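Heads up, the next two complexes both have chain A, just with different partners, chain B and then chain C.
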Partner chain A sequence: MAVIEVKDLTRTFRSSKGLFRRNAREVEAVRGISFSVERGELFGLLGPNGAGKTTTIKMLITLLLPTTGQASVLGFDVVAHPREVRRRVGYVFGGDRGLYDRLSGLDNLRYFAELYAVPPREQRTRIHELLELVGLTGREKERVEGYSRGMRQRLHIARGLLHRPEVLFLDEPSIGIDPVGARELRATVKALVEHGTTVLLTTHYMFEADDLCDRIAVIAGGQIVSSGTPDDLKQRVSSGPVVEVEVYGVLGGVVDRVQGLPGVRSVVVEERGQAQVLLVHVEPGAEVTQAIMSCLDDARVGRVVTREPTLEDAYIELVGTP
Partner chain B sequence: MSSLRIFLIGGLTSYRALFTWLTPWILIPSFILGPIFQILFFAYVGRTAGVGSDSFFLIGNAVLYASIPCLFAMSNTIGGERQHGTLPLLLASPAHRIPLFLGRALPVIINGFGVSAVALVVGALLLQVPLPLASLAPLALVVAVATFSCTGLGLVTAALALRVRETAVLANVVFGILMIFAGVNVPLDALPSWMGSVAAWLPLTHGIAAAREVAAGASLVSIRTDLLVEAGLGALYIGIGLAMLAWFEREARRRATLETI
Partner chain C sequence: MSTLRLVLVTWWLQLKIRSRSAFDGLLGLLWPLFFATTIFLMYRASGAEGSALLSAAVGASVMGIWSATSTSASFTLQQERRQGTLELLVAAPTPFPLLIFPVTLSMATVGAYSMIATLLWGRFVFGIEIAVANPLAFVLSTLVTVVGIGMLGFLLAISTVRYRSAWAIGAALEIPVWLICGFLIPLQVLPVWVRPIAWLLAPTWGMSAIRAAAEGRGVLADLLACIALAIAYGFIGMLVSRHMLNSARRRATLALS
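Up next is the complex of A and B:
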């Protein structure tokens, strides 16, 4: 049986403005999505801002009622049995908020340990274990108002794990964390999954999703537009490989000439330090490297790399953003 | 066990976390100077106008000031969660709501009692109002019951914070209503009869009346009706507050109003 089961889930938000003449507005944030997540799986939900990822998570952790459709976590319906769901899931979101600034990190954890009924005898050990895990040992007695954004985020993660949840919802958990912290977070998440925790992750960082997720659903406009393993998604992308050519001083007209080559889908120029990089998206099967080089005239050329499409390329194509 | 810990430890922790007045710069002016200024102001107005007695104004205003923490700190128990962005986490937790929210009331009752007690003692010394030693224990009981009752009303305003953004304005309005209706500075029989009818259903009205009688030497037995009504009103408001919290929590899940700041 799937740990998370979502069937035809929708959520419509109604808002109104104006004191006397109320103008009502309806937004369909989630429009009939269905997916399931198996035990021990790390499932990614990717999509642009406003796609409906957080709304979906909020329905699954019982903070929002679905407008229509059904969702269950660990066999408990999120509408009919919210308390059963709440006991068994953890929720971590990104950003600065969601902590008691006037309390120390330790007191924040103690308080949430009480809310999640972590037995008093276990609290001390569990909290210290988690402080160690997220690298906050030694700083736990300081008030959270003095914490950096990364420290706050790590405290969020410790908070979400206090009661050893069977299912963990991570909503953009790496926002604001430095690269070292983000790598440690990914290692932590991997370790949790190895120990049997089921994780539903949303992120904007494609390499993170590629590195972590067993399966991914790409959501756009409240609907799932594609799902599968990261490799499945990359293979479904209609564009072929990408040729990256490092050039020092791209002359006028070069981009147009490369764009006009047979087999070239699109050309983008990126500034990287003193060099420009031509990102040439190529039709599958087309061999254009020599033709591109001949278009560059006397420009000084650096590194030339041909690479397969990344998850980011697939994502951009799927959500329809150029 | 878990509910008891949420009631005691959780209540105290959330009070420390959310009541932003707990710094000397806010606490001393709001909880010590404010009530004393108000007591002196009305006592001197009363002396000048030749109405009431120093004891009347002292007790009315000292007990009234318990409502400052009762209303503002209680409102903050939900409003503060909203400000910190912790409200969704609180409501996504499996904690039982009754001990969770009642626990938040306990430190507030103690806070309100302390404010009234300090105002009574300092005000009595400044105005040289004699408070018989024998009346101190019953007076403390009456003030405690009045504070409990007012905290019940504070729980109602806290519940409204699940629906409205600005709870401090509401707390100020309720404070104004109590000051006018509860017989603080104007005897109830001098108010229009409809105001007296409203006052009968407000916290503090019966507590202030009982406190004045006790300070004048009455026994607890003779003021038991006022005391029981005051306690009953407190229980009623707590019941209403808890019901509203449950209702607004369900509505917040339906209407997605939790994260409105």
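Up next is the complex of A and C:
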């Protein structure tokens, strides 16, 4: 049985502005998405702003009721058994809200340890362990109102982990965190997954998704437009890999000859100082470097680089912003 | 056991939060005194003395408890919503009412401070003789009144989960309750149809018990009524909270966005 099961989930928001002129506006934030996440898997939800990622997560952690469709976490339906779900999941939202500013970081954690029924005897060690993990040791007695953005985000993460949740929802967890902290966070998440935690992650950092996720679903306009492993998604990029060849003095016929090679989509010549660079767009899977080199027999060849499409290339092609 | 611990920890942290706000903290310490001063001066100007002045002091002090609770109880969830913590409270496995009760109790506690401050102010600045006939019953009645008002605040707070603008209810109720519950004027002078409303409000009975204790009359009946109403508010609040939370999850009013 999958840990997270989502079937045909939709969510519509009705907002009415004004007290007297009630002109209701409807936003279909999530429009029929289905996916499942297995135990110990790290699943990424990627998509542009307003795609419906946070809305989906809020339905899964029982903060929003779905308009139609079903969702269950660890076998518990999110509508019928919210308490069972709440006990077992943790979540971290990005952003600097969601903390008691007038309390210290330590008091914030104490409060949530109580709310999540962390046994009193374990609380102290657990809280200190987490402060250490997120790098806030030494600052925990200060009031949160004096924390920097990244420190607040670190506190969020500690809060989300207090009760050792089996399933963790991370909605842009690394937002505002410095590069070193972000790398530590990725290591933390990996370690949690290795110990069997199931994670659903959203992020706008493609390298983060590429580094962490076992599987990804790209959602846009409330619908899943593509899903698979990061490599699957890259494979599907229609532009394919690009071979860059640095040449000194390209002869007239070369471009045409390379263009004619099987597996080559297009060739562009770029001037870079003394050299010219052939940018050869290759069909996915085709191996053309040798053939290109033999077309260039007379010219002096410099650096040759093959650049695989990145997850970002795949993402941009999928969500269709030119 | 763990429930008691939860209530205590939450109550304590909420008191901490409250004491650190400029408004609730510093002004909260001062304004009951302005309030008491107004009332003492009015009573003195109309020639009241002795037990009438004591009665005014006691009434003013309970008004302080109610004022501290009613406005902040209805405002508190709006504040939690604004700072993004309301969702955290709802998403926690602990039943929501159990989280809100200590919050309102902390407000009533601040109110209890204002009661003591009012009485001391009356005693030392205005020279009102705080001659309490039955001190034990007086303290007990005060505690029960604090809890009763806290529970009424709890009911108010719970009702604001669903409606983002419901915080106005508390502000709107603050002053009518002064009038209806007999803090300053006896119930008997109000129109008859108001009385059933007064009987449904726990502060009425708490106020009555505190007065009775001060004057050396029996307090049991008043106390029982106050406690019964407090328990009823608790039950209603729990039932209402289920409904309110579901409605808030349907209409997405837990967050501001």
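By our rule, the second predicted complex is superposed on the first by the 255 of 322 C-alpha atoms of A that agree within 3 Å, B and C clash if a C-alpha of one lies under 4 Å from a C-alpha of the other, contacts with A are read in each partner's own complex, and residues count from 1 in each chain.
To be clear about the criterion, a contact is a pair of C-beta atoms (placed from the backbone, for glycine too) under 8 Å apart; a residue touches a chain by one contact, two chains touch by 3 or more.
If you're wondering where the values come from, they're calculated on a predicted model, not measured in any experiment.
K.L.:
Is the arrangement of chain B and chain C around the shared chain A a clash or a fit after superposition?
P.N.:
clash
K.L.:
Name the contact category of A:Arg272: first (chain B only), second (chain C only), both, or neither.
P.N.:
neither
K.L.:
Is A:Arg300 touching anything from chain B or chain C once the two structures are fitted on A? First, second, both or neither.
P.N.:
neither
K.L.:
So in the superposed three-chain picture, is A:Lys7 touching just chain B, just chain C, both, or none of them (first/second/both/neither)?
P.N.:
neither
K.L.:
Could you tell me if A:Ala117 is touching chain B, chain C, both of them or neither one (first, second, both, neither)?
P.N.:
Touch status of A:Ala117: both partners.
K.L.:
According to the stated criteria, A:Arg236 is in contact with first (chain B), second (chain C), both, or neither; which is it?
P.N.:
A:Arg236 contacts neither chain B nor chain C.
K.L.:
Mind sorting out which residues of chain A both chain B and chain C touch, each in its own complex?
P.N.:
Residues 13-14, 58, 61-65, 83, 86-87, 91, 95, 97-103, 107, 110-112, 114-117, 120, which sit in both footprints.
K.L.:
So in the complex, the part of chain A that touches chain B is made up of which residues?
P.N.:
Spelled out, the residues of chain A in touch with chain B are 13-14, 58, 61-65, 83, 86-87, 91, 95, 97-103, 107, 110-112, 114-117, 120, 159.
K.L.:
Could you please specify the touching residues of chain C with respect to chain A in the complex?
P.N.:
Interface residues on chain C, with respect to chain A: 2, 5-6, 9-10, 13, 16-17, 20-21, 83-85, 87-94, 99, 246, 249-252, 254-255.
K.L.:
Contact residues on chain A for chain C in the complex?
P.N.:
Of all residues in chain A, those touching chain C are 13-14, 58, 61-65, 83, 86-87, 91, 93, 95, 97-103, 107, 110-112, 114-117, 120, 143.
K.L.:
In the complex, go through chain B and note every residue touching chain A.
P.N.:
Per the touch definition, chain B meets chain A at residues 2, 5-6, 9-10, 13-14, 16-18, 20, 22, 84-86, 88-95, 100, 253-256, 258.
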